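Letters A, B, C, D and E mark the chains as written, and numbering starts fresh at 1 in each.
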């Protein structure tokens, strides 16, 4: 139909398949990293879909994912901290690549749309997405070293 | 393409049932039940979809300007998601109670315990 | 000693609440699409709840 | 025994699969253009000035369903509270304070109010844009638990007086019922949307009783999720069995 | 183009549902379930049901994993304290 939906298809297909592969195989450390990257793969795709369908109200989905996705990763980082203790999964190159992808999508959408309130909303979502993913990566890389009983 | 989503829903449901029947851990079984429930969401929403349609939400578009998908099945699915979440929570509470009473969460061991 | 610090602490608390309230009210204005009076009232009260919770949470955690 | 069960499962699964495939082939084609109920629901929603048809179906045309859904949620939370209460052979142990990395702690403290306000926005705009009481309620309740994730359980307990949330839950359920009963008093039917003026299309006050019912559900869900998670957290973090006493 | 998108997301959902059943360890299953929840939200967006997508996102991305992981932790702790006793 249009380029935005094509981009979303590529992003969902590629990112989703990669995340599915990562989340089902390998040691726990790799699985939680893949779970964290799910957010950074799907959230830009949702933004692209909102633009592709011409429905600004679909942006709320991306907003909620940018808020709750990192929270989900923090859940695993905290409650699996015993299993992750020896491994310190950081995957910083991957995290920054995903952050760059999110930033690129948000900037492209900002340029495509008319400047206004929607642009600021997009920027807020982008900031939440990137900071959430970086912090979640930090939490996986030994953010909960002293958690025993709690 | 005309029927693809329906077999996918059936497949997800049967996969979840297989997991339920062969599960060796009650928490895992609750997760499989969640998978079964997601099959119903896929089926309901596939029934309501219309080619080229868009959501019947008029905060950002004029009524009547585009074809619309079916809102009734969406409302049903919304209820389904809510009930699914509460069922998961209640079953997990039951599993914790079983673990406390019997000291195991393996269904086979539980059957042996009962005699 | 306490007589001098008490008003300062109150001022700091009010400042923190006001700053959070302003940020959250701005966030509300960004999220919505059309602005009218009722929208402003609801937004201001939701931002006030958020600001209260932000301060309570910060005090419960004791920032380090 | 085990082999037998697998065989039984295979036979039953194959039969069910055959039936399901036969049913799939007989369903109306995917993406078809005939949706009689949908078209009528959209028309009814527009006539009552509700911009989000799904909210209109949930809180106006089929508000009775939502009452049932809400009772299920309420009953499930009640069941969890009963199942997960502290038994006589258990005691509470205070968990050691957690040592969380500083950026994670700051992120949790900064995102907590943002997520709460976003949840309230989703509730308040349920009848206009996608969203509603259920979605926003879960988001607001999840936001509160950032304090557990970013600090420790003790911090969460300090901002979460459980009694208040239990009372709010019950109050929200009864306010939904009262709003429904008000329809009877006004001379129409239970939960009929004839009480309030429909207002201007696409504003916060449009849709008659829809925004009020929406807000009641939002309060109910938010406090129900908080109570639910509180009991699970109690079990996972604080409650321990007495040592030296064997399991029955 | 829309059709291709629907097919891609449907196949991903089917794949992750299979994976969620195949993981026998509850903690690992919770990881796949949270992935499945986010993916289902994307599928609902593609099927033009943003309301359902929002509630699936709210439930599936943080709430269900939190409930499952708390149960896992409780049962693991029970196991550990019994080992210490016996």
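One rule holds in what follows: contacts are C-beta pairs under 8 Å (C-beta built on N, C-alpha and C of every residue); 3 or more make two chains touch, one makes a residue touch a chain.
What you see is a predicted model, and the numbers here were worked out from it, not measured in a lab.
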| item | value |
| --- | --- |
| Mutual neighbours - chains that touch subunit C and subunit D alike | A |
| Relative to subunit C, chain with the most remote C-alpha centre | B |
| Selected interface, B-D versus A-B, where C-beta contact pairs are more numerous | B-D |
| CA centroid of subunit B to CA centroid of subunit E, Å | 11 |
| Cα-centroid distance, subunit B relative to subunit C, in whole angstrom | 39 |
| Between subunit E and subunit C, distance of the C-alpha-averaged centres to the nearest whole Å | 35 |
| Whole-Å gap between the CA centroids of subunit D and subunit E | 17 |
| Residues within subunit E bordering two or more other chains | 2, 22-23, 30, 48, 50-51, 53-55, 57-59, 62-63, 66-67, 70-74, 78, 82 |
| Shared-contact residues (touching 2 or more other chains) in subunit C | 27, 31-33 |
| Sites on subunit D at which at least two other chains make contact | 52, 54, 114, 118, 122, 125, 129-132, 134-135, 139, 142, 145, 150, 202, 228, 232, 235, 237, 241, 247 |
| Chain pairs that touch, as defined at the top of this document | A-B, A-C, A-D, A-E, B-D, B-E, C-D, D-E |
| Subunit B-touching residues of subunit D, taken from the complex the two chains share | 5-6, 9, 13, 16-17, 20-21, 23-25, 27-33, 35, 37-39, 41-42, 45-46, 51-54, 56-58, 62, 65-66, 69, 72-73, 76-77, 79-80, 83-84, 87, 125, 128-130, 132, 134, 201-202, 221, 228, 231-232, 235, 241, 247-248 |
| Residue ranges of subunit B touching subunit E (in the complex, touch as defined) | 1, 4-5, 8, 11-12, 15-16, 18-19, 23-25, 27-28, 30-32, 34-35, 38-39, 41-42, 45-46, 48-49, 51-55, 57, 69, 74, 77-78, 81-82, 84-85, 88-89, 92, 95-96, 99-100, 103, 105 |
| Touching residues (chain side subunit C, partner subunit A) in the complex | 27, 29-33 |
| Subunit E residues within the subunit A interface of the complex | 1-2, 4-5, 8-9, 12, 15-16, 19, 22-23, 27-28, 30-32, 34-35, 38-39, 41-42, 45-46, 48, 50, 53-54, 57-58, 61-62, 65-66, 69-70, 72-73 |
| Sites on subunit C touched by subunit D in the complex | 20, 24, 27-28, 31-34, 36, 38-39, 42, 46-47, 49-51, 53-54, 56-58, 60-61, 63-64 |
